[in-house]
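Pasting a structure below so you can have a look.
Going in written order, the chains are labelled A, B, C, D, E and F, and every chain counts its residues from 1.
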Amino acid sequence: MSGRVKRGLYVGRFQPLHLGHLKVIKSIMKNVNELIIVIGSAQKSHEIGNPFTAGERIMMLKQAFQEAKIPVSKCFFIPVPDLRMHSLWVAHVISYSPHFNVVYSNDPLTRRLFDEAGIKVEHIPFFDRELYSSTEVRRRMLVDEDWRTLLPKSVSNIIDEIGGVERIKDLSMTDSPTKRNH
Amino acid sequence: MSGRVKRGLYVGRFQPLHLGHLKVIKSIMKNVNELIIVIGSAQKSHEIGNPFTAGERIMMLKQAFQEAKIPVSKCFFIPVPDLRMHSLWVAHVISYSPHFNVVYSNDPLTRRLFDEAGIKVEHIPFFDRELYSSTEVRRRMLVDEDWRTLLPKSVSNIIDEIGGVERIKDLSMTDSPTKRNH
Amino acid sequence: MSGRVKRGLYVGRFQPLHLGHLKVIKSIMKNVNELIIVIGSAQKSHEIGNPFTAGERIMMLKQAFQEAKIPVSKCFFIPVPDLRMHSLWVAHVISYSPHFNVVYSNDPLTRRLFDEAGIKVEHIPFFDRELYSSTEVRRRMLVDEDWRTLLPKSVSNIIDEIGGVERIKDLSMTDSPTKRNH
Amino acid sequence: MSGRVKRGLYVGRFQPLHLGHLKVIKSIMKNVNELIIVIGSAQKSHEIGNPFTAGERIMMLKQAFQEAKIPVSKCFFIPVPDLRMHSLWVAHVISYSPHFNVVYSNDPLTRRLFDEAGIKVEHIPFFDRELYSSTEVRRRMLVDEDWRTLLPKSVSNIIDEIGGVERIKDLSMTDSPTKRNH
Amino acid sequence: MSGRVKRGLYVGRFQPLHLGHLKVIKSIMKNVNELIIVIGSAQKSHEIGNPFTAGERIMMLKQAFQEAKIPVSKCFFIPVPDLRMHSLWVAHVISYSPHFNVVYSNDPLTRRLFDEAGIKVEHIPFFDRELYSSTEVRRRMLVDEDWRTLLPKSVSNIIDEIGGVERIKDLSMTDSPTKRNH
Amino acid sequence: MSGRVKRGLYVGRFQPLHLGHLKVIKSIMKNVNELIIVIGSAQKSHEIGNPFTAGERIMMLKQAFQEAKIPVSKCFFIPVPDLRMHSLWVAHVISYSPHFNVVYSNDPLTRRLFDEAGIKVEHIPFFDRELYSSTEVRRRMLVDEDWRTLLPKSVSNIIDEIGGVERIKDLSMTDSPTKRNH
């Protein structure tokens, strides 16, 4: 489609969205006209490593972008469910996304899969990856350490509204068949 | 989530998006603050009744909204793949969507499924449904009648760019195993 | 398992259970100690040919058996979802069922699949199959003819309680994406 | 359905059914008219943590109830396969089950999922959970400790008939692709 | 892989393999060093339009090739199950196949899908397509017309050995849930 | 089918094919006329334990057999994707395979599953299993130890051509959502 628009693609699970994600996204948006944000593992929620639904994660993205003055009209938020075959993953992302020119990723597998498909891949700058990590946010929630400073204010609010911390604590304690669903 | 926002939900397949869809959406947006647009059967494409990918349909929505001055920042475009069980469809849509207060639909089954789940459902006004129908658009494409007047200009352009008419004609002629994939 | 018990297996979709089913089941139960009743296409509901959920169909079976004095304690009601491969269907039924000695069926494909797997298959007597048919029951519901005389009283009651006739009428009128879920 | 009947729901995997399950079920049945017993992860078998098929587990439940004088006619044994999405699990259970009024569970996730869906959830009394655990039963089987005292006699008999201990030992030793099926 | 080998790909369902298939394959093999034969809809069998299993179809191919003196050592017979998304089909075939340089197909959709993926597609000559058609073979089997003259002798023999005609007749008469598995 | 042919079946994942596999296969082929080689977990690739696609594995088998003078015309290479239910696995393999008389396996679960289905199972001789193991090959690739001496020359060549070592190293470093696809 319209050759003059440079459209990038960025993949995350956003469990939850944190300030590191926002810094990366702002950095990428200096180099593209529009950005497609793929919300990976869209079908997952209520798991200890994937507590939030796709709908909740879309809400986090939209409100955090507005809080951070990132123009939502230049972004696409696209939930993409997992496939059972890695070899099909790039074709799957392509079918769910508007046309894009370049993928931003530091992950070796993501880079390899898109590269093998002939799609341009660029590195993204790191922003204190130890600190700004969804795993660290969830860990802090479980042990009642300060997790709010790692997140945009709007995301903290959404997590409060949906009882996200209680949900994660429940998920950590479950022993039921539902836990083993996957 | 924030109780003051009235958020509606509208489901379509948009194969392709036409002017009737836009009229319905404009009409609904007078009554809600934000609108979630669910792109149904997201996993389907390259079928005679579902020629366009989810990514292409998202592009149609975004560009047609900008052309029609519908504020994209108040909308969510959410591709949702089919499930194999109707009884789970409402829960599926809920998990992919931000919280919503009301569903707009005239379809008896959609109305029933949301109503049984305790979700408010409202009717939408009709706009010459015989004429403004994706089935009619695809029929005209196949027989080289005028289909452009049924679509926003931006959607016609996208279809031209991706060779949509040729794709539909190919799909109508196939006799291959891929046609029978489902 | 215990070789002295003769256990039969009978497959139906029961959309809905009617008096013909009950006659067949009574007839089979003269020849076996226990009967496994497989509720096929368990995952389907809210489709024009499959309006009722597995749970609703289990309820119909239980209450109709009690009404007809068929001993529930000698029966197993087992919902079995469809598979995508016919060649696996017999193994699938076996894994969901207690051990059985004989299958009762007149259907050529069912008979063939079990026979190829080395399982004994016996015929069942016909009971006015034109009249006692779930298809006929659903047709009468749609056009407001008398459907109650084809069903046990308890099943009619369940259908009334869940608004079954309205559901079928809604299903017949839908034009929504949910209709095309499969 | 019939408002006068109080119907409860209890979820387990029963790999295998043990005396602790029976105590819980007897305790619940003092408070309800009928009890739905959901056999979770119904599609699984021949895995080290899920050795028995749904059919074998249904058989265990039926025979143990008869041994323990629990009235089978007041119970429903319903095998329910896993879903790939936790957010759909409650809707899935509802579609497979007759209408129920209350869920009995101590598991935080199960409680949360039903509670979020607006369904009443009650606690169940504990009965020496360390001892009466399917994991403990399977461990004892593997190391030839006494597992029989943890099970109803009828369940021990079924396990003997189907060679259950040998199956578990084989499953613990496998290194084949089939082990990695999931 | 080894650039000097020209490897072609040809897709069919082979329900059953007939003389027209063999003529096409012989014709293609004049232009390539090796040929990959994809057996499509591999998961299907015991359906009226897909009566034979993947294993039976592989057997037909092997024996017919030996009968026709087509060198099996230059061919790959690869059963590929259907996917639920057309947009992934080419990536799916690629992952199941050794590297290939060119696809042989007259089907507009197959040609389009591979062409969009940047893979070379060539036409194949027609050989009396009305006569040499699997649909025609199955029709003749059902009505006891001469079907053997349309097939290689070895394929007729396999069909006799597995009782293929009786299977197709049974499939045409079934009214059971198994028929509606899809 | 033709009762005079003794046809064996052997299951592996071949991630990658190594010299131990070849020794086993040569040993088996002394006892059968034809051998079916099932390539298990066919849908998997680009995972740390399953790096190669089904197509790449088929290529390894074909070229290694030619290098080792094993007659390809007496073998079937059949990729079989995983199922979600172990209880269906034997039926699944049967549907993908030509008729076979005997399974060769030392794995307790594989042996049990085929044995329960009434299929003859025979042991295979061990060939230094610690050394000749795909896990060991992949470990050596990751740490740059000598992996080539464990493989046929033709397989080493294929791995070089497709950049297999780099792929495995990338897979070991990934932290992306795609890694967690399963």
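Heads up, the rule we're going with is that a residue touches a chain if its C-beta (ideal position, glycine included) is under 8 Å from a C-beta of that chain, and two chains touch if they have at least 3 such contacts.
From a predicted model like this one, the values you see are computed outputs, not experimental measurements.
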Chains touching both chain C and chain D: B, F
A-F or A-B - the one linked by more C-beta pairs in contact: A-B
Reference interface B-E: repeating pair among C-D, C-F or C-E with over half of contacts shared: C-E
Chain A and chain C: spacing of chain centres that average the CA atoms, whole Å: 45
Averaged-CA centre spacing for the pair chain F and chain D, given as whole angstrom: 36
Per-residue multi-chain contacts in chain D, two or more chains: 43, 45, 53, 83, 85, 87, 94-95
Pairwise chain contacts under the document criterion: A-B, A-D, A-E, A-F, B-C, B-D, B-E, C-D, C-E, C-F, D-F, E-F
Contact footprint of chain D on chain F as seen in their complex: 11-13, 40-41, 49, 82-87, 89, 105, 107-113
Chain F to chain A touching residues, read off their complex: 43-47, 53, 167, 169-171, 173-182
Of all residues in chain D, those that touch chain C in their complex: 1-2, 42-43, 45, 53-56, 58-59, 62, 66, 72-73, 76-79, 81, 94-99, 158, 161-162
Interface residues, chain A side, partner chain E - complex: 83, 85, 87-88, 90-92, 94-95, 118
